[in-house]
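Please go over the structures that come below.
The two complexes that follow have chain A in common; it is paired with chain B in the first and with chain C in the second.
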Partner chain A sequence: MLRHAFRIAWKDLRIEVRSKEIFMTMAFFGALLVVIYSFAFPNDQTAIRGSVPGMLWVSIAFTGTIALGRAFDRERENDTMRALLLAPVPRLSVFLGKAIAMAVLILGVAVVVVPLLALWLNAPLFAYPLELAVSVGLGALGMAVIGSVFAATLLKARSRDVLLPVVLYPILLPLFVAGTKCTAGLVAEHPNLEAAHYWISFLGIYDAAFLVLSLWVFESLVIE
Partner chain B sequence: MNKLLVPVLCVVAAIGFLVSIYLVFYNAPLDYTIDPETQRLVGTSLFFNQKIYFFHVPNAIMLFVAVTVAGCASILYLWKRTPVWDDLAAATVDISVAFGAVVLATGSIWAKAAWDVWWQWEPRLTMSLLLWLILVGYVLVRKFAGPSADRVAAGMAIFGMVGVPFIYTMVGQDSHPAAGTKGVVATQGHAMLAAFWTSFATFLIWFIVLVITRVQSTRAERELRELRERALDLGVLE
Partner chain C sequence: MGRLDRVQIDKVAKRYGTERALAGVSLELHGGTMCALLGHNGAGKTTLLGVVSTLVRPNSGTITYHSAGADLRDEAVRREIGLLAHASLCYAELTAIENLEFVAALYGVAADVTKVLDQVGLEPRARDRAARTYSRGMLQRLALARALLTRPSLLLLDEPFTGLDRGGALALGEHLGAIKTDGTIVVVVTHDLEAIAGRTDHVAILRRGKLVCEERSDSSYTYDQLKDLYHRNAS
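After this line comes the complex of A and B, so read on.
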């Protein structure tokens, strides 16, 4: 099952590496967001320390939603989602493959946004690189898992572009809040590592619970 | 039995409302505590303002019940694919959006009286808001998603239900007046307890009546639509 999943993820990523469509547009969009932040928010160090976690996670939320919509639109345009679901591999592999590819994409955008935040806003984001990387990774994974379920289910729906965030954000709110609080603990003037570790484990449990749930319901949600 | 069930429950709920209004406003004592030694007010003595509690808490409990019922019904729908479960989930969510609006409004009024702010990012208020947002999202999906609305909505209900413990953990420690019988009510004895439980039972019955009616109307709608399609196929209707 995992082998097939990696093959499907690799297929998606190879399309992306060749066209670079989603990554380029998302990274540019993420950079624009950072520029907007730097004009929209007060530019002194204490204010930046307070608001940079929110900026980071709002960027992840925005770029992630658009990436999800676009990635699944690709499958819709040529009706290849049906072909994927009919392929002689477990449907869970299809889901896992999609989720892995999405997680990599969202992470890729975060890799662009985080240094830009640190550079343009002078935010101390690299004080604890390991904790930051783990929390952003878990956030991207959770968003990719839940996002793939609903982007796939919404594939045939009318007005799916507006509905994707309407469906995703209420469910993903705990993830964004946990991520923001974790980052806040890391960039604070007196870093609170204990809180950061608590929120990282929260993210881990959240991801695990929703991964199991997604594996369980994916098939019955996408099959008509 | 079905023909009688709704009217009977309606009558029970109507009587319940009258009784609970009597119990809440005429029978239950005002909320204040006087220290026997200093003869001064202690704690949060809200006097008449506390009455809103009897309408706020039952509605809030309904919100949690609704999320659970909608989640379980959606699981059964995905599993069995019988439309009645979908109807039940949709009806529960529809009704509980209204109940949730009552919770948020009464909660705000209470907060103004007790904490002197209209809104506070306090755990149970936050939690009610987040649950309510999931329910509103569900209604929007049902309305605008077109042919696959039922599946997307079912997924949302299930994911929302699983998310509740996470929201609960996330919002953390609370300064909310303790819910149910342990807080204000218990300290004030039987009259308040009676008012609370009567009000709770009334709202529960009222909720059930509304959900049953909603399910029936959805079912009637679908039957009408199918009938119409059949008539169109047969050429009876233009």
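After this line comes the complex of A and C, so read on.
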């Protein structure tokens, strides 16, 4: 199953490397958000330390939603989702493949946004790089997993672009809260690593729970 | 895994909300035959193809896929299905060759991509171009190559002649006739009776989701016979 999932993910990433359409849009939007933050928030260190976790995770949420919508639109254009579901591979590998490709894209944008936030706002995001990388990685994975289920389900819905964030964000809320709390623990004047590790564990459990749930419901949601 | 030699559709019904798409359709498809699935727009032909291809779940009724006495399920069934749908089912950003290589990899077959593209008549200089640059006819040929690539034993074709010129349509009809003689179950949804005349030996006509006519013949139906059957039963 994983072999097929990686094949499907590779196909998605190959198309993206060729078109650069989704990543460039996400990266540009992410950079634009950083510019807006720099004007919208007070530029003193105390305020930055308090607001940069929210800035980071809001950027991940917004850019990730762009990626989810467009990546699944691609599968709708020539009805290629049906072709994937018709292939003699476990249908779960279709879901996993899409989620892996999505996680890579979201992580890719995080790689752009985090240094921009750190440089532009002088935010201490690289104080604990390992913890930050793990929390962002788990956040990207969780968003990709849950988002792929909803994006696939809404593939045939007429107003899917509007519906996707409306149905997705309430379910992703715990993930964003955990990510923000974790980052806040890492960038605080007196870093709270214990809290950061707690929220990283929370993200891990959250991802695992929703991965199992998504694997369970995916097929029944995408077959007409 | 065995090739399909019979597909039994038993009292299949499908509704979309309050809209009835199929109402208790029963049909048996045999290897080495070409079934022309006819009917007006909205008669339920595409839905029936969707149900047979496992992509649409019926509300009631069953479909059994037989292979040398055994029943196949899930991935084993999907491996035997080739589908040509309204859309091309191909990725616009990939070339014809990349599209087919991806399909071959997913199906785990070592298919000769060039040979299949030759068979469907996609010109060699177009094969390394992204599919988004193709004309409607070229895209239809690529979609057909995709459906034929894995040598399916159940070939489901929804309006396969759309976008092809007359010569291309007749050549495709001839090619499908040859595929049928290999023992493949061919199901064609079409309004182009001329292209399938002389090749189809099983006719099923749907009207508002119901099977209103089913006929088989030891020899193939002529154009006039098909036209007559269609006009008598479709409306």
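Everything below uses one rule, namely that the second predicted complex is superposed on the first by the 224 of 224 C-alpha atoms of A that agree within 3 Å, B and C clash if a C-alpha of one lies under 4 Å from a C-alpha of the other, contacts with A are read in each partner's own complex, and residues count from 1 in each chain.
As a working rule, a contact is a pair of C-beta atoms (placed from the backbone, for glycine too) under 8 Å apart; a residue touches a chain by one contact, two chains touch by 3 or more.
Just so it is clear, the model here is predicted, and its values are computed rather than measured.
Annotation for the three-chain superposition on chain A: chain B and chain C fit side by side. Between chain B and chain C, an angle of 90 degrees opens at the CA centre of chain A in the superposed model, to the nearest 10.
Contacts of A:D79 after superposition on the shared chain: chain C is touched, whereas chain B is not. In the superposed model, A:P90 makes contact with chain C only, not with chain B. In the superposition on chain A, A:K11 contacts chain C only, with no contact to chain B. Once the two complexes are laid over each other on the shared chain, residue contacts for A:L173 go to chain B alone; chain C is not touched. Of the two partner chains placed around the shared chain by superposition, neither chain B nor chain C is touched by A:K20. Remark: least CA distance from chain B to chain C after fitting both complexes onto chain A is 5 Å. Common to the chain B and chain C interfaces on chain A are residues 224. Against chain A, the residues of chain C that register as touching in their complex are 50, 53-57, 75-76, 78-79, 81, 83, 85-94, 102-103, 105-108, 130, 146.
Looking at the complex, you find that chain B touches chain A at residues 78-79, 130, 133-134, 136-137, 140-141, 144-149, 151-152, 154-156, 158-160, 162-163, 166-167, 169-170.
Put simply, chain A touches chain C in their complex at residues 4, 7-8, 11, 14-15, 18-19, 74, 77-80, 82-90, 223-224.
Those residues of chain A whose C-beta lies close enough to touch chain B in the complex are 146, 149-150, 153-160, 162-163, 166-167, 169-171, 173-174, 177-178, 202, 206, 209-210, 213, 217, 220-222, 224.
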